[in-house]
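Handing you a structure now.
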Amino acid sequence: MIYYAMQRFLLSVLIVIVAISALTLMLHVVPGDPATMMLGARATPELIEQTRVAMGLDQPLPVQIVTFFGRILQGNLGTDVFTGRDVSDIVFEQLPYTLVLIAVSILWSATLGIVLGCYSALRAGTWLDTLLGILSVGTISIPAFVMALYAVLIFAVSLDWLPAIGAGQGFFGGAVHLILPAFAIGISWVGYVARMVRASMLEVMGAPHVRMARSFGLTEARIVRVYILKIAVQPAVTLLGTGVAHLFSAAVFVEVIFARPGIGALIVSSVNERNYPVVLGAVLVTTAIIVLATLVSDLVVALLDPRQREAL
Amino acid sequence: MSQVQTAVSLPQPTLLARTLQGLAGNRTGTIGFFLVALILAAAIFAPWISPYDPAAIMTGPRMAPPSFDHWLGTDHIGRDLFSRVLAGGQVAMLVAAAALGAALSLGLALGLMAGLGPRWLDNLLLLLFDALRSFPTIVFGLAVVALVGPSLLTVIMVVAITSVPIYARIIRTQAQALRNAEFVMAERAMGASLPRVLFVHVLPNVLGPLLILASMDVPLVIATEAGLSFLGMGVRPPTPSWGVILNDGYNFIRNSPWPVIAGSVPIVLVTLGFTFMGEALRDIFDPRLQKAN
Amino acid sequence: MSEQKLMHSSDAMRGDGHVPLMRIEELSVDFSTARGPIHALRHISLDVAAGRILGLVGESGCGKSSLAYSLIGLLAGNARITHGVIRLGDDDLAHLSAGRWRALRGKRIAMIFQDPMTSLNPVRTIGQQMMDIQYRERITRAEKRKLAVDFLAQVRIPDPEARLDSYPHELSGGMRQRVCIAMALLTRPDLLIADEPTTALDATLEVQIIHLLRDLQQQFGCSVIFVSHHLGTVAELCDDVAVMYAGEVVEQGSVDEIFRQPAHPYTQALLECDPGSIREATRILPTIPGSLPDLRQVPSGCIFQDRCPHVFERCRREHPGFYSGERTQLTRCYRVAGEGEMTS
């Protein structure tokens, strides 16, 4: 297990490195000069040159990449050319909001999804199962940002029950302001997870080892928990792990629509400003977190299923 | 595990016949097909069936609810929403076709390289695929927009690049499986060149499943385009896109819900249509794909 | 040959001094399919003697596995018991509640399945699974563990202590089957049902497992129902045997009686066709001409009529009951009753 964990970890690091290189490469493959684009058409050549030097763009490409890596390892993500602040400060200031949003979204949608999927499988064929099936398809078909818009439309504008702007003050304020955003992001995941869990449970329920467990007179509860669910839940865990990437995408929209602080909002605003250092830094951190999430979900699956530990 | 079917002299039911037969028992699949047909028709014939010019400013009330004159109402500048939605449909289908076409081609090329080429190339490409998969599409899209500026082309590029890994993987698996198949080695020993082997054996088997997967990806592509346009990072005005309509609707959400509804309903219909159709096709032609994701 | 027509094997058995543990009376099972019900088992009457090994023999599709599964209540979802009773003590297993089944399974009845590669839970260790099945016992964890180790040793698994912490995929097929046997016997059942336990294993393993089963049965004294299509194995392991064909028991008796003097034409043909019985070199393997009848439309008369070389008019008219032969041997054939031509 430890061995597998280490292998996975190293692979993740490798992936992040590749991602960083790809991003830096992109910066240079692209026509046009980043500094010029940032400063606009009316900037003077001296200013442009100054900015280029400040961003290190005057160095040859390999040197740039190496310098970049070096700085990252020291925790330095560069400097925001506009405000002079450290990019890492800017990014990590906004990160917690997004992390909370995503964590809450995953938590509620995964839990509800697993419960509903499990229930559907055990009551397969009943009207409840059919109903849940229709609801799942319905929620999956609506993209997160559309869901967010409807959430605002219904609960904030029409009914005026919940706030739709900002992140709120304090614990309770924050929690209330999280309701609609987390709902918008999570709702389609409930559908995905439920469908996945239902399908894999039905598959496992017919497995020979379940029949053998029955032949020993084990209780239904034990069979469902340890002989069925522990196996059936794995694809859902993997799904959620890879889903973190989608969750980040959804978070971008949700933060814009609900005017919340966070990485998503940061990226959007810095893209509008052509603020490359910040964009780069934010995308980097996002990538690292996503790779981390995939790593964690793979490890959880390995914990649940000893056969996966040999996989590498 | 070779999936090649050698040519048999038995008469096979035609593709169309099999599709129709398979659909007969599948209600959601039939609905899906109808929806897709409807959407494609609307997209293709948009200029002719559109009641007004999507960019034309009407003299009537702005932000009006649906009426006989304006089936979906008007937006904040006074343009007919139904015409804009139709035009947005054209954009959406265009993006889908272009992006998926590019992704399939690139995926084919890379997948073949990975599956048939040297081991180090395979490992490198796999690493690249994994890295690409770690990028959330939208975030990646935003980064690209930061570099090249917003445009329709940008959107197509972004979607294509993020879809490549999935298709490349499938092709790679097929290519690898066939690379070591005995009959392939026999053919090559007899002098058949590698490209010929590829075209005759790999492609036919892989094309069907790929097309099915691609059609199931259309909803995602449309949603990405709409999303980027919503953020102002996609198509530039005055080109209407469902995302742009939604953005306008969002800005005036307290005035009227209709722009939001007008922009979102087509997206949901597209998603339902292509998903149902894709699943039905998959069930008819290749149940194996159910595990491929 | 006496014309005595017997309705029950228990009379024959008790005559021989064997006490029945379980009495199956007129058991009939249907499988509902889209094209109508399949009458998979029809009027099965059989006794399982206490402390003896009963073999269920027949070709694929004869219903022997279905019969085995009905004795532990694990038939497929589309199966229905349409007739008959299965008496085990005070219980009728053909009409049992789920709760009562839970009480009996893993206590009085245990089962070993055909494919050891899929019978064990892949995400739990051997030890955990062996503890799971003891959940009703009021003994300490340490005692349960010790019992598990003991039984693993009984089935000759090396280093049993360490094996408790292994996962099934770390063991070979043969070892997994031994674990399943250990688990089944751990519960000290009165009846052990083994559904073709060696079919998925190679020949050398098969011999080991068979000897193991024989030794364990002698040691623990439980009854065993051994389902198999391999005649040689049944002859070696079992005390009694019931020959099945297309959902019916066509002949039953002790192994000695059946294998030495098979009276039913099907049993005779089966023994002739067994490759192990070929004495001279030949290019042609003997087979039984014809094919299995469609069990959706069961013909009247004897079930074997279309393939029987000695068939005559009464066979097609009336369904034969059991006729007794030597001691405990019972045969569903009018020839045994003294009618028609006897040629063997």
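Per-chain numbering from 1; labels A, B and C assigned in written order.
Note that a residue touches a chain if its C-beta (ideal position, glycine included) is under 8 Å from a C-beta of that chain, and two chains touch if they have at least 3 such contacts.
All values reported here derive from a predicted model rather than from experimental measurement.
Asker: Take each protein chain as a node, join two nodes whenever their chains touch, and name the resulting shape: line, ring, star, complete or other.
Answerer: Topology of the interface graph: linear, an open chain of contacts.
Asker: Of all chains present, which has the mean Cα position farthest from that of subunit B?
Answerer: Ranked by distance of C-alpha centres from subunit B, the top chain is C.
Asker: Measuring from the mean C-alpha position of subunit A to the mean C-alpha position of subunit C, what distance in angstrom results?
Answerer: 55
Asker: From the C-alpha centre of subunit A to that of subunit B, how far is it in Å?
Answerer: Result: the chain centres lie 22 Å from each other.
Asker: By residue number and range, which residues of subunit B touch two or more other chains?
Answerer: Touching at least two other chains: none.
Asker: Which residues of subunit B touch subunit A once you look at their complex with the stated criterion?
Answerer: For this pair, the touching residues of subunit B are 127-128, 130-131, 133-140, 142-149, 219, 223, 226-227, 230-233, 246, 249-250, 253-254, 257, 260, 264, 267-268, 271-272, 275.
Asker: Sort out for me which residues of subunit A touch subunit C in the complex.
Answerer: Per the touch definition, subunit A meets subunit C at residues 207-209, 211-219, 222, 226-227, 230-231, 304-307.
Asker: Help me check something: in the complex, which residues belonging to subunit C touch subunit A?
Answerer: 72, 74, 101-107, 110-111, 113, 115, 118-124, 132-133, 135-136, 167, 169, 180, 183, 187
Asker: For subunit A, which residues are in contact with subunit B within the complex?
Answerer: Per the stated touch rule, the residues are 11, 14-16, 18-19, 22-23, 26-27, 30-32, 34, 37, 137, 140-143, 145-146, 149-150, 152-153, 157-158, 242, 245-249, 252-253, 256-257, 267-268, 270-272, 274, 276, 279-280, 283, 286-287, 290-291, 294.
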